Amino acid sequence: MARPIILFSNPWTDLPLEELAQKANEWGYQGLELACWGDHFEVQRATSEDDYCPKKLELLGRYDLTAAVLANHRVGQAVCDPIEPRHGRILPDYVWGDGAAHGVSQRAAEEMMATIRAAQKLGVSVVIGFTGSPLWAAVAGYPGPSPAEVEDGFRFFARQWEPILDVCRECGVRFALEVHPGQIAFDLHSAEMALDALGGRDEIGFTFDPSHLHWQGVDPAEFLRRFPDRILHVHVKDIALALNGRNSILGSYLPYGDPRRGWDFRSPGRGGIDWEAVIRALNAIGYEGPLSVEWQDAGMDRDFGAEEACKFVKRLDFDPARRPEGAFRSA
Amino acid sequence: MARPIILFSNPWTDLPLEELAQKANEWGYQGLELACWGDHFEVQRATSEDDYCPKKLELLGRYDLTAAVLANHRVGQAVCDPIEPRHGRILPDYVWGDGAAHGVSQRAAEEMMATIRAAQKLGVSVVIGFTGSPLWAAVAGYPGPSPAEVEDGFRFFARQWEPILDVCRECGVRFALEVHPGQIAFDLHSAEMALDALGGRDEIGFTFDPSHLHWQGVDPAEFLRRFPDRILHVHVKDIALALNGRNSILGSYLPYGDPRRGWDFRSPGRGGIDWEAVIRALNAIGYEGPLSVEWQDAGMDRDFGAEEACKFVKRLDFDPARRPEGAFRSA
Amino acid sequence: MARPIILFSNPWTDLPLEELAQKANEWGYQGLELACWGDHFEVQRATSEDDYCPKKLELLGRYDLTAAVLANHRVGQAVCDPIEPRHGRILPDYVWGDGAAHGVSQRAAEEMMATIRAAQKLGVSVVIGFTGSPLWAAVAGYPGPSPAEVEDGFRFFARQWEPILDVCRECGVRFALEVHPGQIAFDLHSAEMALDALGGRDEIGFTFDPSHLHWQGVDPAEFLRRFPDRILHVHVKDIALALNGRNSILGSYLPYGDPRRGWDFRSPGRGGIDWEAVIRALNAIGYEGPLSVEWQDAGMDRDFGAEEACKFVKRLDFDPARRPEGAFRSA
Amino acid sequence: MARPIILFSNPWTDLPLEELAQKANEWGYQGLELACWGDHFEVQRATSEDDYCPKKLELLGRYDLTAAVLANHRVGQAVCDPIEPRHGRILPDYVWGDGAAHGVSQRAAEEMMATIRAAQKLGVSVVIGFTGSPLWAAVAGYPGPSPAEVEDGFRFFARQWEPILDVCRECGVRFALEVHPGQIAFDLHSAEMALDALGGRDEIGFTFDPSHLHWQGVDPAEFLRRFPDRILHVHVKDIALALNGRNSILGSYLPYGDPRRGWDFRSPGRGGIDWEAVIRALNAIGYEGPLSVEWQDAGMDRDFGAEEACKFVKRLDFDPARRPEGAFRSA
Amino acid sequence: MARPIILFSNPWTDLPLEELAQKANEWGYQGLELACWGDHFEVQRATSEDDYCPKKLELLGRYDLTAAVLANHRVGQAVCDPIEPRHGRILPDYVWGDGAAHGVSQRAAEEMMATIRAAQKLGVSVVIGFTGSPLWAAVAGYPGPSPAEVEDGFRFFARQWEPILDVCRECGVRFALEVHPGQIAFDLHSAEMALDALGGRDEIGFTFDPSHLHWQGVDPAEFLRRFPDRILHVHVKDIALALNGRNSILGSYLPYGDPRRGWDFRSPGRGGIDWEAVIRALNAIGYEGPLSVEWQDAGMDRDFGAEEACKFVKRLDFDPARRPEGAFRSA
Amino acid sequence: MARPIILFSNPWTDLPLEELAQKANEWGYQGLELACWGDHFEVQRATSEDDYCPKKLELLGRYDLTAAVLANHRVGQAVCDPIEPRHGRILPDYVWGDGAAHGVSQRAAEEMMATIRAAQKLGVSVVIGFTGSPLWAAVAGYPGPSPAEVEDGFRFFARQWEPILDVCRECGVRFALEVHPGQIAFDLHSAEMALDALGGRDEIGFTFDPSHLHWQGVDPAEFLRRFPDRILHVHVKDIALALNGRNSILGSYLPYGDPRRGWDFRSPGRGGIDWEAVIRALNAIGYEGPLSVEWQDAGMDRDFGAEEACKFVKRLDFDPARRPEGAFRSA
C-alpha cells in the first residue's frame, strides 16, 4: 500500500532539524514524526509565533518531507504519573517548575493541550504520546492493585485526559496513546479498559508499536485485529529476546546494549517481530496512515540503521488484493 | 533429603492459628512459616510479652509443628517503597500512622528490627520478607532509570537496611529477602546488585520462590547455582503461563483466576516449574533448610490444595548421592 | 468437584450389558453412558415395552450404576449425511431399509426422536450424538464450498434437526451434538455457526471431547470458555500426535494402531491433552455433569485401560476455590 | 539449476490469454501452465480444430513463453468423486450434462482422455490434475472407511483411471496427479497406495505442491525423497499456519483471507514452507521439469504477487554441486 | 505385559552379590543382569569350576531372583578398539596382560567366547556387551573416515566377531550388541550397517538403551520399529539434556553430575525419555524379554533410586490390546 | 564494520592459486586464507626459498587480494593425535615418513614451527589450525576418561604446543586453534581448559567457527562473549540440522550430502546459524580481524556458492553504534 514512510526524529534531537531532514531525504523517507523536545518542534514557540509552523513546513518541504505527526511522549508521561525526580530529566523547565507533584501534572496537562493546538497550526491531525499512569508501580509489583484501586486509577486517568481530548475535538486532532509499559494502557486488555474509561470517545486511539507488545507475549497482529478503527499511528521498531536462563524479561536495571538484558530493541527486520503478519493485519483493518520508523538499536550505527530501515519498510509494505476475495480457489 | 516440609500461614490468616495448626498437622506438615500479620504472629506482643513466644511454641507443639521461620513481607515492603495509599491496606495501624511517607518508612524499618528480635525470642534464625524499592516504578516503565539513578537507588536501599541487618547480627538471625517483582532484587542480575550494595555481608540472603522467576523467563535452577550460599529459605509455589496472543505477561490489572491474565499461580506440581531441576539444584548446593509451601491457586479449594501440596513435596524431596560422584560409569 | 465418573459402553457392545456393568462397578465407575446400538440400549424396545427401561435401571442399580446419558451417534450421523454404503454398516436394519438415501435420512430422524422419548422414559435428560453433515466432503476437499453452499448446508441441517429438537423440548431432554469431524460442527467456529443456524435454541448444546479438537489444532480449554452454557456432556478421551515428517494429520486411510498415522487415540492421561487446563476450564464454567470415559486405545488392553482411566479421572477432578477469588495475594 | 520458471494461468482466467501472456513475460516468466477451463485452453476445440494448438503456441511465442504443461484439475475431480451439485460449478456444461452421477463421471473420464490427446497436439508431455476420490468423505469423517472399503475405493480408482493412462501411453504423455486433499492421494502414505493400485505403471506420477502437505504435517522434502522418479511437476505455492487456540486446521468453512482460518495460502516465500529444503531435495532427486508458480494469496494484489514470485523462484533455484560429492572435507 | 523386571548389577559391584540380591528382592526386582566384572560373575571360574554357576543360581534363588542375562561390556570393548592405556582400567589382568595391542584384542575375543560358554552353563540365552570400534576416533573427529576406511572398519569388525558368534551358534546364545557411542553401532543407520556387515546372521541383535540414542537426537521408538526382530535386550535408563547455550552435547570431558555437561543420566522417569512411546513400541514389535534397569544418576542415592525405578517400570509396563485391532471405532 | 572479507582456499586446492585468485577477486573477496596443503602455500619452500613469499604476495596483489592468514589444520592434527593410518591421507610425505607414531608427531610439531616462520616471512600475524588430541577417542566413547587421564591429556597437549608457541612469540605470530571436534578444545568448557593448560599465554587464541558449535548445542554468541580477547580469527560457515527421529547428530559414518546425516554444512546464510547474533557479538567484543568464508556445501555448486557467500557477508557486516550507548531511550 502506498503508505507514507516517515522517520521519528527522536534519536537525532542532538542534530539541528535541517541536518536530519537532509539525511532523512537521502535515506528515502517521505516525512518526519517530529519530537516535541529538543528544538525539532517547540510547542510554546509554535503556539505563540505565527511563522513558526510555516517555517518548519518550509524547511521540511525543501527536503521533500511532510510533517506527518507530532510526538509528545515526555510531557504526556507527567499527566498521570506520580511525579518523581526522574521526570525532571525529561520535562521542559517551564513544565517541571519547582517539581511539586500537583503543579507538574497540571502544567503537563496544559502543555499537552498546547501541543494539540500546535498540531492544528502545523496541519497535523494526529498527536501521539504517553499518558503516564497512577497504577504503574502496582502492576506486577506488591501489593497489587485492588479492584477498587484499579477503578480509581482509571477514573483519575479519565479526569486528567478528558479536558485534553476536548481540545482535540475542538481542533480536529486525535490523540494516539502509545500502548507501552508505564502507561495506563500497556497491553491488549488494558487498552480495552482505557477506551472504556473514556467512554470510547472519538478523539482517542492508539499508537501501535509492536516492540512493546512482543516482550509481554502479546501477538501484535491480534492487537491490530482487536482495535480495527483505533489504530491512529504505527511505529516500526523491532526487538529481540535474549532469554538464556539468567537474563530476565524485566531487564535488571541494565541499559540497552547490555547482553544481560532479557530483550533489546533492534533495527527493523533484525528482531523477532513477525512483520509479515503485522503488514497483513494493517492491510486487513484498512490502516492508511504513515509507517513511522522509530529507530533504536544499541548495537548499530544510527545512520546506517535508519537508511536500512527505510528500505526495509518499502519492501514490507505491499498492496492487498484488489479483486473480490475468494474469487478463485486452489487447484 | 529429610528437609522439614512446612506451610506458610498467609492464606489462612482468617482462621485462628490453632485451627490452622490442627489442619497442617493432619495434612502432614512438620512446621509453619508464620505470617506477621493477622494474629498468627504479632510482633509487638512478642517483644513486649514474655510468655507470647513460649505460648505460640507450645500451641504448635501440640500439633507436632515447629516454628521454622517468621515472614514479614508487608512491613518490609514499606522500608524502601515510595509510600502510596495502597500501602495502608497492608500495614498495621501503628506503622501506617498518618501515612506521611517519611514516617511510614521509618516506622517500617523499626518494625522490621522488632521482627528480628521477636524471631530471636521465638528461637527462629531466619526472617523472610520484602524490601520495597525506590526504583520499581522505573523498571520497565518510562523514563527508565539512568545509571546514576540506579546507583542512588541501591545506596538508599543499603542505607535503609544496614541498621536492620545490624540487629540481625546482634540477634543471630539472617534476613532472607524474597526475590520478587516490586523488590530491590527481582531477578538474577538485580539479586547480584543487591548483594553488592550490602557489601555481601553475612546477615543477608534470599528467599527463593521459583514462581516469581519463571514468568520473567529466568531458570530457577540457574538462580540457585548462582547463589549457592545465599539461599536461606525456599518457597514451594507453582505458576502456569497462559499466553495465547492476547494475554500479557504483565497481566492487565486483572485479578488472579481471570483467564485473560498471562500467568497465574498454581498448586505445586500443577504449573510450569521444573521441580525436578529445582530439587536437584537444591541438593547440589547443599540447601538444608525447610521447603515451605506458599499455597496459592485461584482455581482450587485451599484445603484440598494444601494437603495435596504436602504430599507432592514429600515425593519430590529425594536424597542426593551418598557415594563419591563418578564412582561408576555407563556400561 | 464431585462430578459422576461414568463409562461409555461403546467399546464393550460385544458383551452383555450385565457383564460390563459388573466390570464398570469393579473398576470404580458410578454410571454408564449407554450406546444405542448392540443390545445395551434398544430404542425401539424402550419405547414400545413398558418394562424395558425399568429393567435396565434395575440391572444397573444392582451394580451401583446410574444411566446418566444415552448416546446415539450412529443414527444421528445419517440425519444430514449424503448416504453412502458405509452407513449401512452402522445403522439398524429398520433404519437402513433399502438404503435409498432420502428414506434413510427420514427414518434416521424419526429414530432420533424415538431416542429422545426413550431417554425421557429412562429418566435421562441428555442425549448425545452425531448430526451428519451435507458439507463434510467439501471441507478441506475440492471444490471447497461456496458461501452460498455453506449457507444452504446449514439451512438443511436446521431443517432436519428442528423437529428432533421440538421433541426434545416436549420431553425435557437436551441434545448434545458431539463436535467431531464429519459433523456439521467440528471445530470452534463451526460450532458457533451451528448454534446460530438453530437460533441458539435451548435444547441444543455440545458434547465436548477434547481429542477431536486437539489434532485440529484447537485448544480444548478455549472451546470450553467460548461456550460456557452449552457444554452438556464431556467425553474423557486422549490422543497423541505422531508427526515425523512422513505421517499426516489426515491419517492416510490407515486403521487405529498403525504407527504411520499422524495421530492415535490414547487411554486418558497417556496422550497430549492438557487435562489440567480442561478440568480448570470445566470448573470455571461451572460444568456439573458427568465425566464420561470414552475409552479407546489401539495399543492397550481395554479392561486394563478402563480401570486405569477411572482412577485417572478421580485424581483429575478437584474442587474449585470455595472462598472469594483474590481474597489473598502473593507474599 | 536452469529449470524453466512458469506461471499457472488459473488465477487469471478472467483475462484473455494474450493479456496474461504479456504480463507473464514482463514479470519474467518463461512459460505458462495452461488451465483447461475458461478460454485459456479449450480441450474440445484443441482436439477438433487443427489450427487451435498452433495458434496458441504462436500467441505464447510472441511473448517468449512456452506451453509447458496442461492442467485439468476440475474435470479430473469428477472422475472418481461421488457427484454433488457443487461439481456443477466447476465442470463444462457438456461434461455436467444433466448432472446424473454415473454419466458425469463417464463424460469426465472421456474429457480427461481428450485432454491427453490435446496435450500431445500441443507438444506437451505432462498433464496435471485431480482424480477425485470415492473415499474422501470417510477420511477423518465418520464412520471411517473399513479396510475392505479402502480396498474397494482404490480398485474403483484404478478402474476409472486405467483407460485414461492407456491413452497416455498411446500419446507419450504422463499424468501428474496432484497430491491434494479431496483426491485419492493426499499425503505420503496414500500416495504410495495410489501408485500401488495402478501397479506402478509408467504413465502415472505426481504434481508436488508443498502447500497441501504442510498443513497436514507432512515434510515436503520427505515426500520428494520418497518418490524420486515420480515427481513429474512442481507447484510453487506457500502457506501460513494461523493456529491460535481457536482456529482449526480444517478451517471451519471460512473463505480464504478470513483470519479465523487455521491456515491460508501465501505468495511464495511469505509462508511456512522451507523452500531451501525443497530445492535441495529437488536437486538431489534430479528433477529437471518446470517450477510452476501457482499464485494464491487472499491478502495481496495478484499482479504484484506474481511478479514478486517470479523473482523469488529465480533466487531460489540454484545449481547443485558439479564436483564429486565429498571431494573435500571440513578443515 | 508381564515382562520380568530385572536390575543390572553394575552399579553395585562394590558389594558382595548376596548383599545386592537381598536388596534387589526387597526393592521388587525379579532378576539380575549380572556384570562380568568384579565378583558378581567371574567368567573364568564359571567355565572352569563345575559348581560355580549352580551356586550363583542357588544364591539368586534364595532371593527369588533369576539370572536373566550376562553383561560383558568391558571385555567386548577391547575386541575392536585401538587399545589405549585407559582400557587397562577396565580389563581383567589376564586379558590386559602386557597391554600390547594385538594380544589384548586377541585375548578379549577369547574371553568373549568364554563368556558365551559361561552363559550357556548358567542357562542364559542372551549375552550383552560392547564391541569396540576401529572407527570411533574418526566419528565426528578429523579427518573423518573415507568411504574405503569405513568399509575396512566394518570388515575388521566382522572378522573379529564372526568367531565369537560361531560360539554363540554352538551354545544357543545370542549376542546383544549395545548400541552406544564408542561402539561399531551407535545410532540407527550405523546399526543397519553393523547387521549388514555380519550378513544379518541370527546370533546377533541389539541391546536397546534409549538414553544413548536420545542425546544423539534419535527417537528411540523409531529405532525399535526399525529392528523389530533384533531387539534382544532392553536397558531402562533415563537422561536429561541441559543445553543452556554454554554446555555442549559432547560434555567437555566433565564427569557425570557436573552441571556444565550438556546431558546427564537420570533415574528412570526423571529425564527426557518418552517412556510411553518406548513401551508402546516394545508392545508393537512383540518384545517379551526382560526390562533391565541400568540405574545411573549422579544426583541421587543409588538405593533410593533403584527402588523407585522398579516401581516406575512396573507402572510403565502395560498389556497391549488382546482384541482384534480396529474392532471398534470412535463415536 | 569494515572487516576484510576473505576466502579460505581449501575447497579449491585442485586449482592453481592464480586461477582461484582471479575468481576470488571477481566474486568480491579482499583476501585469501591460504591452505598449507596442495600448492597454494608450501611451507618448506616458503622457508627455504627467499622469493617464494614475495612471489605469492605479488600474485595475490595482481588480483587485489591480501594474504590475511595461513591455515595448517592437517599438520596440526598430527601434533597431539594418536597416529592412525588415516592421518597418512592428509600429511605431506615428509611429515608422514614411515608413519611410526612418535616420529610423525615430532615432525608435525616441527612443521608447525616452520609454518609460523613462514607466516612471518609472508607478513601474516595469525596462523590457524588444528591441534589433535590424545583424549578424543574417549570423548563420548567408552570408557570415558578419568579425571587423571583428562589431566594427563592436557599436560601432553601443553608439552607438545609450548615449543611451537615459543616460536610464535619469537616471530610475532599468534596461533588460532580452531575449536572443533577432534581437537583438544571442541566446545566452550574445553576451550577454557585448553587456555588454562597453556597458562593463558599470549600467543594462543581461537579460530571461531560457529558451525562446529551449533550441532553440539553451544550458542556461538555465548562463546564469543566468553572469550572476548582470544578470538583471533573467524570462519563464516553454516550448518543445518536434519534430525527426523532416525538421523543422528553423530552422522552414522555417512558422507556430506547424504540426507541420512543429522546435520550438514551449508553455504553461509542457508543454515541454522543466527548470524545476526554472531555479528553483534563480534561487534561487542571489538573483533577487527577478517571474516573468512570457509565454503562447504555438498548440495551446491562451489563457484555459485562462493560468490553468493561474499555478498552475504557484506550485507551481514554492519557498523556498531558510534554514539555513547544508552544516549537516547525508547519514547
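Labels A, B, C, D, E and F are assigned to the chains in the order they are written; within every chain, residues are numbered from 1.
One rule holds for everything that comes next: a contact is a pair of C-beta atoms (placed from the backbone, for glycine too) under 8 Å apart; a residue touches a chain by one contact, two chains touch by 3 or more.
This is a predicted model, so every value here is computed, not measured.
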Equivalent interface positions on subunit A and subunit B, same or different at half: same
Chain whose mean Cα position lies farthest from subunit F: C
Repeated interface matching B-E, over half of the contact pairs identical, chosen among A-E, C-D or B-C: B-C
Farthest chain (mean CA position) relative to subunit E: A
Inter-chain centre distance, subunit B versus subunit F - centres from mean C-alpha coordinates, in Å: 50
Length of the line joining the C-alpha centres of subunit A and subunit F, rounded to whole Å: 47
Approximate Å spacing (C-alpha centroids) for the pair subunit C, subunit F: 63
Per-residue overlap in subunit C, given as positions that touch at least 2 other chains: 73-74, 130, 142-143, 147, 180, 219, 222, 244-245, 255, 326, 329-331
Complex interface listing, subunit F residues touching subunit E: 73-74, 77, 81-82, 84-87, 89-90, 130, 135-143, 145-147, 149-150, 180-183, 186-190, 193, 213, 215-219, 222, 226, 241, 243, 245-255, 260, 262
Interfacial residue positions of subunit F with respect to subunit A in the complex: 219, 222, 225, 276, 280-281, 283-284, 318-323, 325-331
Of all residues in subunit F, those that touch subunit C in their complex: 244-245
Subunit F-facing residues of subunit A, complex: 8, 10-11, 13-14, 35, 71, 73-74, 130, 180, 212, 240, 244, 255-257, 259, 265, 270, 294, 296-302, 304-305, 308
